[in-house]
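Once you've had a glance at the structure underneath, I'll fire off some questions.
Chain nomenclature is as follows: A, B, C, D, E and F, assigned in order of appearance, with residue numbering initiated at 1 for each chain independently.
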Amino acid sequence: MPEVQPISNETWDLLKAPSTATLTTVLAKKGLWNTFLTGVKPLGPNSKMAGRAFTLRYIPAREDLDSSLEFDNATDPQRIAIEQVGPGDVLVIDARGDERGGTMGAILATRMHVRGAAGVVTDGAFRDSPVIAELEMPAYARSAHAATNKTIHHPCDLQLPIACAGVAVYPGDVLIGDEEGVVVIPPHLADEVAREAAAQEHREDFIIDKIRGGAPLVGTYPMDDATRAEYERTLKQ
Amino acid sequence: MPEVQPISNETWDLLKAPSTATLTTVLAKKGLWNTFLTGVKPLGPNSKMAGRAFTLRYIPAREDLDSSLEFDNATDPQRIAIEQVGPGDVLVIDARGDERGGTMGAILATRMHVRGAAGVVTDGAFRDSPVIAELEMPAYARSAHAATNKTIHHPCDLQLPIACAGVAVYPGDVLIGDEEGVVVIPPHLADEVAREAAAQEHREDFIIDKIRGGAPLVGTYPMDDATRAEYERTLKQ
Amino acid sequence: MPEVQPISNETWDLLKAPSTATLTTVLAKKGLWNTFLTGVKPLGPNSKMAGRAFTLRYIPAREDLDSSLEFDNATDPQRIAIEQVGPGDVLVIDARGDERGGTMGAILATRMHVRGAAGVVTDGAFRDSPVIAELEMPAYARSAHAATNKTIHHPCDLQLPIACAGVAVYPGDVLIGDEEGVVVIPPHLADEVAREAAAQEHREDFIIDKIRGGAPLVGTYPMDDATRAEYERTLKQ
Amino acid sequence: MPEVQPISNETWDLLKAPSTATLTTVLAKKGLWNTFLTGVKPLGPNSKMAGRAFTLRYIPAREDLDSSLEFDNATDPQRIAIEQVGPGDVLVIDARGDERGGTMGAILATRMHVRGAAGVVTDGAFRDSPVIAELEMPAYARSAHAATNKTIHHPCDLQLPIACAGVAVYPGDVLIGDEEGVVVIPPHLADEVAREAAAQEHREDFIIDKIRGGAPLVGTYPMDDATRAEYERTLKQ
Amino acid sequence: MPEVQPISNETWDLLKAPSTATLTTVLAKKGLWNTFLTGVKPLGPNSKMAGRAFTLRYIPAREDLDSSLEFDNATDPQRIAIEQVGPGDVLVIDARGDERGGTMGAILATRMHVRGAAGVVTDGAFRDSPVIAELEMPAYARSAHAATNKTIHHPCDLQLPIACAGVAVYPGDVLIGDEEGVVVIPPHLADEVAREAAAQEHREDFIIDKIRGGAPLVGTYPMDDATRAEYERTLKQ
Amino acid sequence: MPEVQPISNETWDLLKAPSTATLTTVLAKKGLWNTFLTGVKPLGPNSKMAGRAFTLRYIPAREDLDSSLEFDNATDPQRIAIEQVGPGDVLVIDARGDERGGTMGAILATRMHVRGAAGVVTDGAFRDSPVIAELEMPAYARSAHAATNKTIHHPCDLQLPIACAGVAVYPGDVLIGDEEGVVVIPPHLADEVAREAAAQEHREDFIIDKIRGGAPLVGTYPMDDATRAEYERTLKQ
């Protein structure tokens, strides 16, 4: 597991601009093909997210351990996680893709929001989803399910590498979310991904403007020499 | 199968306030863990529903029985059901989770609405879903599919216990729906569930206000003695 | 494979009015039971679509052929398809239902829109889905995924019969889309389907008005002799 | 629902010879395309089965009704069914395709075998499957699962039409099983299906002998006039 | 997580006799309903297994960490696990149910066998499955897949609580396997489960003998007073 | 698409020896990670297969084209394929993974066997599977289903690149099958894959012998210098 490295403000600024589609392409060009959480969608209108993974892992519930529905803030990894995440953190939950119960409700999500968390992501469901959808803090899930998490899930541990929606997420990974979903960026690649994504986004804005104006794909996408020269002239302006 | 019991107006009033998430928790505390219809969502903006289950069961279509696309109001259980449901009834359809055809269209849904039905729920799909979504009567389904129900489904019988979205639904069960989905409450538990859910909802409103104001989970959720005393003071006011 | 036949303007006009639910019923009455794309939904608010199938087939990617992320407009069937579709064409993509990668992004969809395409349909996912959703040209997919198409898909060939969402689509098939989804009509049936659907839609509008006014199903849906006579009087007016 | 009719001994004898593949083809020629239980396989080496459907329906368990693990032979529909099936009956269980628990164990299956039942079919799992596999009475299921049926299933009623593995099964339907699986034949078609299947099987034996001897498909399968004449000569011998 | 307790030889002897079906019922009577690994089957004829869980967790592979196909015995948790398991241990692998790659091959399984391991269980696939199937050491999996584990899986850590085939498995849990599959028993319940299972198995052997002899369910299963008295007489002999 | 190249006899001999697990690893080392057909298993005891892909593509059936159940050897691509395959060919069928109908029966499989075909592979089901399982020619499928192929499938074309069980298969690809399943090798890699696989298999036989003799993983797998020297000495003998 690569060491967790700090991300500069400049890189954060660059990472917030491009779409997850652009970031996924840049990562694929670096050989990382499986970085987008399949099937995980934003709950509400606030879907622009940037932060670092704080991981929480659930395993299946077992009746003698989980049926009390009592929650102990001192020992329950879910509760501990909520009170540890802070500004810039995205809580990422490995729920094994099991949507037969919620993985978090409105009170805990609100607490995270008050603590300044950058977002929350699960490959299962949220409960109280209409309330969570209205938080300013972005939230991503497969679906909504009203059942409390202990029906199906046992909060097991935190800050370990996890699986989320088929993608490996390591603590400290950079997570960017938009209306389309969430992409995972290994931190040691964040600087170069940020720069290349900004450049690609800029280039594609130029291209899509030309396409809207009637340019054909040939010569435009990818750019031939003439178009590239024209693009470079616009860069200088 | 427990006998169907009338629900008092007071209980109905209490049941309409809490979210399905709260009701599901109260039921779990009573040992009923599988009461929320997994994967069934409201079609349109009207999603607040309260009523009692009137069940309709479909089995797979067979070509010699179902390919005519003629419908006989006198013998077709679907048609009979539509003309039997009345105020306070929620038609619940067991479609085996099969989404490859509709289970009801706009004309029948409109008829139910005119008859005063409280809602309609299927673990399959609706057809004419844009029209149904605009009815004042809430409707819940897995998805939309334009095919007529006889393509895939044969209306078989009514008012028997059924499976809907993985949950047992008995005729007369209390169904509460909101933006998150639908919860099934056995009628013999309705009174106590209603009271406990109202109390829990009230308590959680108090808690979420404190969390919004910056209180940590410890001491607040669950409440410690000091917070509980404070909460009880607010109850007396 | 039946020969591709031109569709008259009058038929197009008739086909644009009815819902996909009505068209699916008319096709079922003719013995065609599997004509609606299961699980494929409109991306944005523009969902009224009418056009003819221009097919594009993907197979799984293979690393030595697809990992370069270079795109050649002269040889890539996806790129060739984009520059061949024109007014009245609906690009239909066979993505094997695999949602683990996009099948098209904003630049190509925009190009198709500029070329006058009537729509685009995939049984996989789109990337840049927020941008595509805002195009005037309707787009239908199972879901959104940010990964570039070559992660999962290899554009293989065009204008062959394909599978899309469990339905056979032949080049030239008539595709009609609305808020509910997409129906496939063999062109040799288009004229009669159009006429019968218009008649059925007209009849059902009459019926639903009566149902809204309180008429029971019996005598109204299906119509008995008295109602039919009343309906025929309205036709004459 | 067509009335249940007796099947003659001659028809039974004819029905026992052909494979389920042949019977499925004969039914398809009569317009019945969905008659084979998808995904249901024989448990053990005894897989030749012929009998009539005695149906049993399960719905999801509910904790207050099903968690006692006490079984009452007088009221439990599963127990009642076991003591009602007799010679020529095949117990067919609608388990909603849910394989997360057994639907029957060795003691009940043995009792059915002692009573002379012709077989047992479930679209869920059996428990004690190694013991059931060794019974002389054929048994078909999707899989094996050790959990008792009340974990997941509530025996609901018997002798109603059911869904089993995606196929409609009516009480009294003729069920034929072999190593490949189980086909459902409506009894009003049993005589003609039996005769045509016997004829088809005979014809295909002739064809496969020719194919083994080196004959090409053309002229052989389907037979041209010369081959048909040759076949008819063999019929006369 | 309950503390891991030693299991006495007497308990092991009792646990090896009953079927997983009997053990699952005994656990259900104690309120533990989800203890059998759904969909996990023995690979070969050696399927009688008894041991304690040694857990190994996989997460999805990431190309920059996993594509080398070099394996380091000093740091790879899979390799470390293999050299730590000993007599009485069952290696249980959390492969997220992903069958698109192997989770272990013949060389490592052979090494575990040589080290005296009691078995190996995965909720994914094995590679070299024909070789593993012939080992004396029992092995359980969902299926077989030839791809090396690093194609899909990243060995992450060991001896943590895991999910396997939908069931929670804690290090030290007692695992019993037979031809039907694998059941998980919390160690603090092992003694009483062992005793009750032995008693139940003995009782059911008596019952099934009576059923084979023609006794009806009523009076026999469950036993009435007369049968129970008869059974108790046999106990004394 | 790379050109189809002949495979030397020496390469064939080398390719027949190693397991599909070994071949899949060698391909992964060359950057091809997705070459094994997930979920496709041998039908019978004859599972050692080596040959080149002859592809056949099915799309969903449409009633007006496929319901006649008449088969025309002159125009039906399935029939044409059967009479074109010869010694060394493996017919590979793209059935979209749809197991709700057979993709081939005993007569056609027998004809292929008589023509000397090396095998047949489908990502759907076979019908007459007990007969096909007994052919000397190996056959691989997901499952068995008695329905004729035209119930679900329309034979569409042959010798195009296809998808089979999630893997791209190009005409002429080298297919190797064993008890575990089927691996696809691009022909331009066949020589080097063959040589490296033979070497790897030889090396792994040496390793597994040492492991059986009690050697630990460290120093043995992977080999350290001493073990490698010992291995090289055995090579010289």
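As a working rule, a residue touches a chain if its C-beta (ideal position, glycine included) is under 8 Å from a C-beta of that chain, and two chains touch if they have at least 3 such contacts.
On a predicted model such as this, the values are computed, not experimentally measured, just so you know.
Both chain E and chain F are touched by D.
The minimum number of touch steps separating chain B from chain E is 2.
When chain centres are set by their Cα atoms, the one at the greatest distance from chain E is C. Here the spacing of chain A and chain E, counted between their Cα centres, is 36 Å. Chain centres here are Cα means. That of chain C falls 49 Å from that of chain E.
Centre-to-centre spacing of chain B and chain C amounts to 32 Å, using the average Cα coordinate of each chain. Counting only residues that touch two or more partner chains, chain C has 33-34, 166. Contact between chains, using the touch rule, shows up for A-B, A-C, A-E, B-C, B-D, C-F, D-E, D-F, E-F.
Of all residues in chain A, those touching chain E in their complex are 1-2, 31-34, 59-65, 67, 96, 154, 156-157, 160-163, 166-168, 186.
Those residues of chain C that touch chain A in the shared complex are 69-71, 73-74, 79, 82-83, 99-100, 102, 105-108, 110-111, 114, 127-131, 143-148, 150-151.
On chain F, the positions that touch chain E within their shared complex are 19-21, 23-25, 28-29, 33-36, 38-39, 41, 166, 178-181, 183, 204, 207-208, 211-212, 214, 216-218, 221-222.
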